[in-house]
Structures are given as structure tokens and as C-alpha cells.
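Only one structure is covered here, and it is reproduced in the block below.
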């Protein structure tokens, strides 16, 4: 059994980790930390876990995280990098769901997150945790930076086209839409029910933190410089993410060849579902599961890729557990076989 | 023209007052105060008012509220009682949308609101602002305590039965459901979209602040002591309130006589709609309007009264303007003729 | 392995059965019928099942249901009673999620469902499928009438009080609220998004089909005649049911004794969670799981019981699988260990 | 007073026309037709209109529409063109909210709507009812084809750029999102609450009927051929439309000049609000009002225009009344001064 710890488990990615790990056959939950909620039973904050998770939150200094095999950071940016060195030294593997180990260029981290990176050596060692594109490295990693939710959809959506070199990497558009849980469990006016319900808006159109990470990874795939327009929007739903991606073909290719490109790229992937050409994937078809679905459309020289996922699963906690499975030599899907909840 | 001021206009009852007063033909908006937002254009916080309300928030000391004819308090409990005396002295009429002037017994105020009442003489003068039951007094009032949202539905729903003395006043049940805007525009986790959406729960079942006010007023109607069970629930919708009221008949009366009791009680009321016996009123049929609708049902000796209203209109700001109209000798419906927004 | 068939699987209880059974370790899905959708892959109608359920709908005559060990009817009322005899004769056990085998009095069935019962002998044999109150009989049953969603909450909520004989069975009130999925997957205007969203209403207050079933069962528990006022409401959420139950105590009993009554009644129940006295259960704490949660409140001689469940799980398909487990001698919780999806 | 008739008033654009016209100071509602609902009081179908609209639906042959000054068609495609000739002959002006008089090329109409056009002479006479771009013609029109909801946002969003000739008209992308009321009040499974809620998806990405109309109008503005990629999506909200438009600049221009282009284009427009550069308009800021709001963003040579409106108001019925005002020489804003309902 893998002894797992969670730092900062009071947010949505934290409770989602608990939901997954509580039924994971190879995991034993060892500790979950929260300084503020020290002593509070997890099930008192999240009654959905009554009778299923018997842990209480504990202050970090009481949690003995060094005894874990793996520690997940479901914390604000900046926390993981402060604690990772000690854990690694104790032989604990680290998976950070925040941004501390996502961006390989520390200058980019400083620019977008407004703080300097406190352990650039670990950053250099850290592996970007998108299994479909980086599986071999994840298997050997001690420290994984789990991708952002939007970047997961953009990378898996553009990948087969960029890899094949058939689209103009200097003209990518990602018009993305996220459910409100993506904003986290923070007391803020803008995500109150009465503000976010029956409403739709774009936000951070001038520049969102998920851009540098996505561009960095897309550049690795493409031999060319990548220019990406990224427009995030807020949807009045709890979970779910829908990315509508636009790319321009460099030369003519027929639709069945396009489709074949995606089908062969993801033929062996348990968590990527390439739907029939011309389909319209729905976010609810992934609700509560680790599956990402996508479908292709075409108008002239423009390819449109529709991508959906559950932002808390494949977009965050599910993907983190997928990485954990790889890091510990387990089958990649173990503990991640939830069927989406529909309706 | 009536010069109107609003204290504390950043919340939902404040912006709703602005929406109403901005098109009220007899009102000129004079000032709206917010210490925190001093200088911010109202339309920058509420883009729905762009081009319609040109006021900016101003700190209280700059607002010259003494020049107003009427000042509305859309503030937390305790603010109006601290400022009312000075305004009244300057000849300004006061309408408080919080609880400072609702409860006529200061001991009850202290018990339920956890603070002592700082001006019990004004409290004694204050008039309870439910026009349908208290119109004559409101017309002459200098200071009005605007009813709570739930109490409005409970009083108008039980009134004809209690007045006629045909129900057991010692056994009243009010199972009430409110949209989330009733919780106000405060940064709190429990009313986040991701917490309140796709969910339903009761709250404050052990005792809610709207009980003493309702019982106090129902006792005035009934010659008997009133016992009220009040169970509030939170509905995943922005606006709207639905109260399901249960009362036991003291003696047999047929349904048409019951219906006639309500129809005659509210025959002259512009804002109370008695629907046909056996109807099922919907909250959306009142969305954005000052109309309260109700319908009767019957099972044996139990009468069920279904009552709906928009909690921000008849349940708060619309009712406050209705009171203002009365206090200034205007037709009661002026500025309040919005047709509900459906769908 | 139990070979399972589903008749009429295109509705919400059907797809929910598929979600459960597809991961049930002791079940093999044999057939799912729909005359209208004959030949359509289940996953084409419900993309949430892509890669998880490979069955196609088949016309009933092609489905070879006689080869099943158990057949679930997720059909409109009247279908199961037409097909049950033949299945039973072939040794197939039958679980009906509609009302054909719920009401033990055929006259009541005719009165409320507007059709005569075509196999009253089977009705006499049928067992009411509420495991917590009827486990022994279910274990031996060939044919089970699965309870309605509302009746499940009302029975489990009132049971300990009626059993103890401490409440007035002639004065029960159930103010119940259901998510929209309870209305099924039927093309109807009243449950369109634009009609049901941002809205709240009562319906069928004059008399709902779940009354006779509930009264019939409550009478069995109580030695006294039962009078029940049942007021259903429609909540703008997909899944979830919240019942607010009111009962009058026959004599004084303290709150800890009340609480103990419930805790001991359900001490051995895997799917009934008695929360601490004075709690406020939320529907989302049961979303996607077979758990029903309840909590007690008290005002004078009135006991208030708050009950929540997922109407498609404990209120329908989850309960049906719970019955199946009992009928086949399996542990009651097998295949039903889903943790609620929150947020 | 203008005598107004509505054909087919049972849908959402019909009830929205009623909401507007019932308080329009220059309009008298003369008749509203529905063969199916003949005799039913409008307020019995739409309780929001109780006490405000006293009309009943009437069968077309009883409605004496020839006595009207103007008739609105809030009907499926194909109805207006069958009745327009007789009305025009009787001196009645016609405003069609469906597509019969939108597309000036009958071949396009046949191609996209699957029926031949029955009165191409009237089509030639008909005026496209987008007042901001076509005011002079509307003033003189006998027959107006009211624009589609999406096309309104796309035209007003691209217009200043195309007019100035500074963008590549061969590379326009419109990623558009609509509330569910845009699908109308039809009993269909795909727009049920339990299907459309807590979900997000694209639809008709292969080709939507609003494309030909938009391209036809944009070509008139631009001297160049227009290529438009249009991707509609369904948002879980009742009202509201958000279009995210992407265009490539032909040459460098600074942001303040871009902004000035829009501000001067719409300086005199009562219903178009150009927000500050870099703003994020929200759909709710237009809820229930006839105002369309837009804001500009910029990334390199790409301009992003964010456009919001209420799809039933500026996107349908509000715009139709705006046209009516022009056709009858009234001030354009009369009867259309609703302040958006927020929250």
C-alpha cells in the first residue's frame, strides 16, 4: 500500500483527491494537513465523505508527512516549493497540483506568479505531469508538476496536429470555457451563486497564467515558434471544461486523414476518447471521471478541435493520481475507473 | 421630485433600489454612500446601470444626506439606528431595510440580534412597513422598518385566516424556500456557486431571526397566542421565495368560502394576486416585480397556502419603495409597474 | 455472475442502472431493450458510457430476456405487469422500478394509476423493495416493487417514530423537494431548462401518486390510522431530494432519546446515515451515491426530520440494485460503494 | 396608438413581445393568435402577465389582423411569407422574427431552410431590421426581416473594423455562446433541464442557419469577400448571449485608435454600449434590456471583440420593437427603457 499525504486539503482539488484515494485499492490515506482546520474531521467539512474517510485535518507539524510515500500539494502557488526539498530528502515523492513545478523557465514563473522560485534545482529535476505526452519521464520522477486544467485540454487537442507539422503554430486560438469550481473554494464575491449563475463572461483575456505553461509545452512538440491566443470564459456550471481550438492547416489534408492522425495518436490511451469526426462532446459526459473527450471539425483550411474534460479530474486531481500510478509502477487506470455521472 | 439617498448601496437590496428608483418618475437619486467604495461610479460596480445611473458612491460624510427627503438604509443590522435620529431631526424620512426598526419589543431585538437597541424612543415611533396590513400608519410615518422577506410571505399568507379566527394559531407551520440572493452580496464560502448550485438544504432550523418579527405581527392580527414553526431552505436560484404554509382549521368551512376570504381581503391590493383555488404559483412569475402571488389548497382540516414573491422586490426593495410612495402621498404603484421577467 | 437485463433503458433510471451495473463485480449486462432505439449503441445515446458499456439497445423480441437471472423494468407504469408472468415462469427474477408492484391493494392501483391491474396474483406475491424495513422478504422474493423516490424518504424518516408509537400518526406533514431528473427523460415543456431553471414551485398538491404507497407502508408500521399531508416541490437541480417531515409528539421525550431512537434503528444500515442532532443535511452530500442522510430538529412538541438522498440512486436505481444484491445472496453494498460527487 | 397583433405568441419571443408591448405607451395590443390555444387567456399560460395582459389567444381566422397597424410574426420559419401579402395589401406593416425575410438571396433561403420562398417579390422589398446599420431603410419599410440573435452580435461586433477596412475579411472567427431560451419553447429532450443544466457543449459546428444571413450582411459592409467560421455553443443559463469575435488586422493600428473607431461608430446609438478597452462584459448586465455591450482586447495582430446581449431582447423581440418604433416615426427608445435585472 502506498501511504499518501495531502497538504492543504480543504479546497476542491483536495476533496477530489480524497474522493479518489479513499477507494483506490493501492493507497492508504496517511494524513491531510490544514493549519486552520487542525483537528476537524474531514467528514465534518465534507459530509459527502461521512463513513468513508475517517481522517481529521492536522496541522502540518503534526502530520508526519515524512512517513508518506507520496505527498500531494493541493495548495496555493508557492507552498510546494517551500516544502519539497525536505520531503524528497526523506524519500517521499511529490506531486504539486499548483504551478510551482510546471514552468521550466524560472523567469517565466517569476513573471507570471509574482514571486521568485525558491528551488530552481528541483525545478530543473521536476517532470511535467501530462502522462499522454510525457509518460516515460513521469515513471522515473521524484517530483511532478501537475498540469493546469486549461493546458491539459490545449496540449492534448493541438498535439497530433503540431507533431505532424501540418498546422501553422504561429496562429493558434483557444477559446476555452470552465465551470466555476476551477476558481477554487475561496470566499470571493465574483464566484458567489448570485453573481456567477445565469451569467456568462470572459475573464483574464489580457493574459492568463496558463499561457506560459502551454506555450512552453507546445514549443517542445512543434519545431516552430508557437503563438497562442487564449480566451478563458466562466460557465455557470460546477465542473466541466470545454475548449474550442482553432488551427490553420499548412496544406490540404482530407478529413479522414485528420481523424486518423488523432486516432492513432491516442489509440493506446485509456483516458483520451477520440469521438467520431463532426461530433459535439458535452462536458457532462466526463463529469466525475478522468476521461478527456475530443472531436474534430473542419471549415476550409481551419481545423476546429472540441475538447471536454472534468476540470477537477483530468484537469487536476484525477491526472495527479494517474501520475502517481505511473510513479509507483501501478497500472495507469487503477483507482480511476469512475463512470461519468449523467445526468 | 423626492430627493432620495441610499446608505450602503453595494449589496443586492441597494442595487435593486437603484434599479427601481432610476426609473421612478417622482424620484431624484441624490446620494448613495459606501465608505469603502468612495468615488467609484455605481455603474463600474454594476454594469447593468451603465448609462442609467450616473452617481458615484460617496463616503457618508460627503453625502449630505440631510438634504434628502428620504433615506433608505440597505445596510447590516445596527447601522440605521445609529444614524436615524440626526436624519429625522433634519426632516428626512427614514426607511430601514434591515431589522433595526422591525421588532417593537427591544428585548426581542437584543435577544435575536445580539446588540442592545440604541434608540428605543424611535423604535416606539417606528412603523412596520407592510402596506397591505398597515397602510394608514405608514402614510403618516417618519420612520419605517421594512419587513423581512420571509415575514412578508408568512403574514400575507396567514392574515385572512387569522383575522377570521378560523385556524388554530397555536399550530402554524411555514416551510419556506429562498433564492440565494437573500443571503446578500457577501464573500462567503457557503453561498459560492460551487457550493449552492445543484444543491438543496434547510438552514437555521433551530431558530431564524425572522421568527420574532413574524410572531409579533401575527399576534396583533390574532386574538390568540401564536405558535409558529419556521423552516427556511436555500434554493439554487438567484431570486425568488416560495413559502408553503400549513394551518389547521378550527371548524369546517368549504373551499369556496376559504377562497372568498382571501379574495375579499386582497381585492383592493395592487401587489397581491390571489390565484384560483388549487393553483401552483411559480417564483418566476414574480421575478423582478413587486407582486406577491398566493394560492390555496386543502386536505381535510388542513389549509395549505402557497405564496411566492421576488425576495428582492416585494421581499425588500420593492416594498420599501411602496412604503415611500405612501409616505409621500403618491399613488402606491408609481415606479413599481415592472412586468415579471419570464422566462 | 448474474446475467442482468433492463427493459426500457433510455430513461434516467435506465442509464443509472447501466452506470451502476457496468462496474458491479457480480453482474454481467445481458440485454437492454428499447423498441424505438433498436440497434443504437447505448454509448451513442449516453456518451458518458463510451468505452464502458458496449451493449446496443435491442427490440424486446430480440433480447432473449428469458436467459437473464434478473430483469429490471425502467419503464412507464403498466409495462412490467404485462411481462412479469412470462419472465417468472422462465425463472427470471423481476425488479420493477415503476409502480406496478408497489401498491398491495389493486383498488388503490386502479384509482391512482387509471388502469386495472392485470396480474393481481403476482401483485399478492410481490415484495415491497425497501431493504431497511423489509429485508427478510426481499431476500426471498421473486418479484420486487421498487419504492418511489419520495416514499423512501418519508418511510425512513418517520419509521423510528411511528414504530415507537410516540407521534400522532393522524397528523403527518411531508414537505418534499425533488430535483428535475425525477420527472424523467421525457420531452415536455414544463421541464425544459428555460422553464424549470431559476424557478421554484409546488406541484400536484391536490394529490400525488406517491401518497397511497406511503400511507400503505406507514400503516403497517403504525398500529394507528395514518393521515399524511404530502406537498411535493420542484427544485432547479438535476439530482437530489430533500424531505422536511413534521410530526407531533404524543408525549414528552427529550432530544437525546429521540436521537437514540434513530441511531439504534439504523445502527446496522450501510445506506442510512443518522447525522448529529440539529444538523442540516445537503442533497449534494448524497449525489451519485446510495446513501440517505437524515437529521432531527425539535420545536416544542413538533419533531422535524430532514432527509436527503439522490433520487436516482437510493430513490430508484441504487435501491433496485440493493434489492438485487439481497435477492441473490450478495453482500448488500457490493457495487454500490460510490462516494458522492462533491462539489 | 398603434394597434399591434402577434402571430404565434406562445413561444419565448412571443411572450417577450407581450412583456414589452404591454407597457409601451404608444401601443395597443389588438390580438395574439394561436390555433392550438384558441380561447386560452394569455395570462393562464404565462402567469407573469396576470393582471397586465387581458388578451386571450385566438385562432387566426378570428383575430382580424387586417385591422392592425403592425403584425409581428413570432412563428416558425415559413409562416410569415404565407400571410404577409394579404396583410400588406390591407395596409398592415409586417415584422417577421423568423427567417422568411432575412436572407435576400432566395437560393440561400432554400438551401439553408429546406423550403422554397413563396413570395420573392416581397423578399426583394423586405428590409433587414438591424437599426444601427440600416436605420434609414427601416423607417420606410412595410416589411422587416428581424435579424437572428447571433447575427446581431456578429454584425455589430465586426462592423467598425470591416467598415474601416482594417481587418482580413477572409479570416473571421465567431465563437458564440447562447442561453437555452434561444432554442425556443419546444418540447425537446436536448433542452430539458436535466440535459442542459450543469453542462456545456458546441452544436451545429458543421453549419448553422445564421451563417448565410451574417455573411450576406458583412459582405455589404466590406468591399471584400467574407469568410466566417461560426461556432455556436449552449450555455446553462436562460437568457444571454456572448460572442467572442476574432479578427486579424491588415496593418498596425494602436489600441486607442481601435477603441475610437468603435466609440465613434456607436456614439449616437442608444442600445450599443462600447465599454472601456480591455473590459469583460457579462451577459447578465443586459438581462431583460435592449442594450448590447461590447469591449475590445488585443493580442499582436489579433483583435478580440467581446459582445453580450439578451438574446430575447436585442437578439429578438426588443430589436423588433425598436424597428417598429422607427417604422412608425416614434423615438427609437420608447417602450424599451428596461434596466437590466441584476442580480
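So that you can tell them apart, the chains are marked A, B, C and D in the order they are listed, and the count of residues begins at 1 in each.
Keep in mind that, in the parts below, a residue touches a chain if its C-beta (ideal position, glycine included) is under 8 Å from a C-beta of that chain, and two chains touch if they have at least 3 such contacts.
Keep in mind the model is a prediction, meaning the values are calculated, not measured.
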{"item": "Both-way neighbours, i.e. chains that touch chain B and touch chain A", "value": "C, D"}
{"item": "Chain whose average C-alpha position is farthest from chain C's own", "value": "D"}
{"item": "Comparison of B-C and B-D by number of C-beta pairs in contact, larger one", "value": "B-C"}
{"item": "Between chain C and chain D, centroid-to-centroid distance (C-alpha), Å", "value": "45"}
{"item": "Mean-CA-position distance for chain C and chain B (Å)", "value": "39"}
{"item": "Centre-to-centre distance between chain D and chain B (centres being mean Cα positions), rounded to whole Å", "value": "37"}
{"item": "In chain A, residues with contacts to at least two other chains", "value": "12, 179, 181, 185, 194-195, 197-198, 236-239, 281-282, 284, 287, 343"}
{"item": "Chain B partner contacts - residues on chain D that touch it in the complex", "value": "12, 15, 19, 22-23, 46-52, 181, 185, 197-198, 238-239, 273, 275, 281-282, 284-289, 291, 293, 312, 337, 339-343"}
{"item": "Touching residues on chain D, where the partner in the complex is chain C", "value": "12, 179-181, 183, 185-189, 191-198, 236-238"}
{"item": "Sites on chain B touched by chain C in the complex", "value": "173, 175, 177, 179, 194-195, 197-203, 205-206, 227, 229, 231, 233, 235-240, 242, 244, 246, 278, 280-284, 287, 297, 299-300, 302, 304, 306, 308, 343"}
